[in-house]
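Each in structure tokens, the structures are laid out below.
In what follows, chain A forms one complex with chain B and a second complex with chain C.
Take a look at the complex of A and B:
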């Protein structure tokens, strides 16, 4: 029983990360209809940025704040300089550019900070004794923090979409770009805003998980695959869907790997992708994606 | 007063031009109709005026050259378009669609007032206020599209084949609504239609467009009376 709980918590922790990064993917996707393959690397770079701020003597919370700011700005810059010039509907080009960006950011981080793992301090105490006992299992402070921040980010995004003018504009531009333009919206700028938000969300994630994953250039690589799975499973246009799907994948994957012998840790990733394929065969729009409703 | 003054307009999509040297004028508060067969270039004309496609020549709106302006800048000047196929933002509710139309406006009170106005004008929209717009019927979507465009309080409304896909009865209602809007608000309307006779009934002048060339305008009554329309549509 204790072991089951511990495994559930492990899966939940992983799922948080998948959902968090999936959320960033969804924010970009809603605008430009494209997966930003470099989203994970941008988050990794942000974690290193925070490390650099800590290295010059800033407290970790300030360093994270600055790293998020840098993440927001670089998200906007990338959209403006690399994505927007490709024009509307250049899906393949955008995909290639973001893969290129993935490699470029990864190498740049390697050149600047080297290949050895570094340590980013945690915001909350992260020693061996810093956990909340849950029926004998351990929920670490660091993981609780991640959960709380993810929920806050999700709530903020929900409120933005639901209650603000710019949020309505983002939804309109995602649903029908041409009508949005005809209503006087600058759709390009709205998409840029999406990239900025995703850059900030990614930076938060990178800086919050770096203390537990160790700070390396490869820290986000696995997560990206799961995050794409989470975003797809969630429906790709639903922020809450991505988070829920991320948690679901984390839980199922961990349980299957623990209790089904022939899967084990080796086939873990395959399990996630098989689940994904299964769901998409039954529900092509994902679990929470909007079915395109149209009457002609 | 001349609201829209187009001269020497040439436009198209990449490889070839669809419109050649078009001249067209809309006076303030007037309803003008552009008639022509499928493929004559009516939609291209509308899209080039609203800034959605590249164009050469001169388009003056309200005394300002808008030939190089982007669609959002053109809307801000007071020229709104109802695109062909209605441009429904299907994922948003009816009310949200209308609010999108008011994107360029800063006066909250005025926006609320206008929401009220269009819900009163089109009670069907009021009934379906919170429904996703994609679930509306064709006629309701057309009402929504017109109301959405008018939410920006334009001085000129472009309508690209508003009768497309509507029953004859709904088409009559829709034209009556346009005439009413024109009379009540003084909004000038430039209408592109295949439904020639109905459109001419509410218009003061009409242009005939044939394979990208627009003939000089004539009085609506004169156009209704003679054979040039049949010639434009049927080629004899």
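Take a look at the complex of A and C:
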């Protein structure tokens, strides 16, 4: 029983990360119509930025704040300089540019900070004794923090989309860019805003999980794959869907890998992807995505 | 007589045929001479680039002509490599037979992966292929008994026939593989070219450009999409087979997402939906990392590779082949442009009266408009009302 609970918590914790990064992917996807393959590397770079701020003597919370700011600005810059000039409908080019960014950012971090793992201090105490006991299992402060922050971010995004004019414009631009443009919205700027938000969300995630994963250039790579799976499963235009799907994938994968011998740790990742494929066969636009109707 | 550029050559005419045959002969000559002039290690590198080129030819059929981005091609490449490896090492099957069987296996795998394509579109389908691509290395690790797992599969070799003096000597094996890879690449190109000129090819392009319209016009979507996946995977399988025999050892780490990304990059840098692009792309993705790490070394070569990729998207949106094509069009224009691709069908349009000669005034017109619409097919299309 305790073991089951511990595994559930583990899976839940992984799922939080998948959902968090998936959320960033969805925000970009809604505007740009393409997966930002560099999202994970941007988050990784932000975590290293926070490390640099800590290294010059700033407290960790300030460093995270600054790293998020840098993430927001760089997200906006990337959109303005590398994505917007490609124009609309250039999906393959966007995909390629983000792949190029992926390679470049990853290697750049290696050039600047070297290949050895670094440690980023945690915001909350993260020693061996720092956990909340839940029926005998341990819920670490660090995990709780991630959960709380994710919920806050999700609530903020929901409120933004639901109750503000900017959010309404973002939804309009996502669902029909041309009509939105005709209605006087600056669709490009709205997309840029999406990239900035995603950059910020990614930076927040990177800095929050770096203490538990160790700070390396490869820290986000696996998460990116799961995040893509989560975003797909949730339906690419649904932020809440991405988070839910992320949690679902985290839980199911962890339980199956622990209790089904055939799967084991080797095929852990495979489980997530097979679930993904299965769901897509039944619901081609994910669990919470809206169907796209094509007019001929 | 002062030549006016671009020269206009009619497709199918004697001059055009001479140019085509001359070009092919030049390529064949280069392949023939390469073993005599290049040192062995260089020849080996070129074979490596050609193997990647074969895989890109397959990917280009699916993604370039078919418009379906595949993020899992490394899986087919790897499946081909492992099929060839397992058949030759464990079962003593001759390499050529093993490679043919690899094609069959990969074709079937491709058709199965293509099945979701009947229901999914665009990004969602790309992500299914991503899933397949990521699954493959973990499956290899899981079924260790068959594949050798993380340790790898050893001892795959492709010996030249012993009774040929040409392939004996120190470099015999290198030269043999170089020839075999060259021939396989030529065959793959031929297959793709013939497909694209057939009914199937027109269906592929129709589905890429406007799926609904294609279906209305009678393209059998289920058949075309799955077979497209199958053939593309089959060609990738050949490349994988050669990869296995060249290296002698294969490990799951060779077939990760990074390989897929490299292949995609090669296709787009070389020029997607073109015939020469994939070959150029194969050389680019093989030699750019080699040179950039020669020059700089260490992780900065990765920065360079990424930067080159991004720069290419902006500077040569049509890839190197597209850039070269635009240059050639300033010197030589072939009309009518080949069918398929995005060019309008021009067979039934009026042609210039003779092969070279337009009257002075007319040719001046053509030149201007050709430049304005910038592209090999621009000359005729722009000057004729549709």
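The rule is short, and it goes like this: the second predicted complex is superposed on the first by the 291 of 296 C-alpha atoms of A that agree within 3 Å, B and C clash if a C-alpha of one lies under 4 Å from a C-alpha of the other, contacts with A are read in each partner's own complex, and residues count from 1 in each chain.
Assume a contact is a pair of C-beta atoms (placed from the backbone, for glycine too) under 8 Å apart; a residue touches a chain by one contact, two chains touch by 3 or more.
Since we're looking at a predicted model, the values are computed, not measured.
Using the contact criterion defined above for the overlaid structures, shared-chain residue A:93 touches chain C, although it does not reach chain B.
Shared-chain residue A:183: touches chain B; no touch with chain C. Contacts of A:101 after superposition on the shared chain: chain C is touched, whereas chain B is not.
Once chain A of one complex is fitted onto chain A of the other, the partner contacts of A:175 are limited to chain B, with no touch recorded for chain C. Judged by the touch definition given at the top, the superposed model places A:165 against chain B, while chain C stays out of reach. Of the two partner chains placed by superposition, A:278 touches none, neither chain B nor chain C. One of chain B and chain C touches more residues of chain A, and that partner is C.
In the superposition on chain A, A:270 makes contact with chain C only, while chain B stays out of contact range. Overlaid on A, the two complexes show chain B and chain C touching the same residues of chain A, namely 294, 296. By the touch criterion given at the top, residues 50, 52, 70-72, 75-76, 80-81, 83, 87-92, 96, 99-101, 103-104, 132, 134-138, 141, 148-149, 152, 165 of chain B touch chain A in their complex. Chain A meets chain C in the complex at residues 29, 33-35, 82, 85-86, 91-93, 95-97, 99-108, 110-111, 115, 225, 228-229, 232, 236, 264, 266-267, 269-270, 273-274, 276-277, 280-281, 284-286, 294, 296.
Those residues of chain C lying in contact with chain A across their complex are 69, 116, 119-124, 127-128, 130-132, 134-135, 138-139, 141-142, 212-213, 216, 257, 261, 264-265, 268, 272, 298-303, 305-310, 313-314, 317. Chain A makes touch with chain B in their complex at residues 165, 168-169, 171-172, 174-176, 178-186, 290, 292-296.
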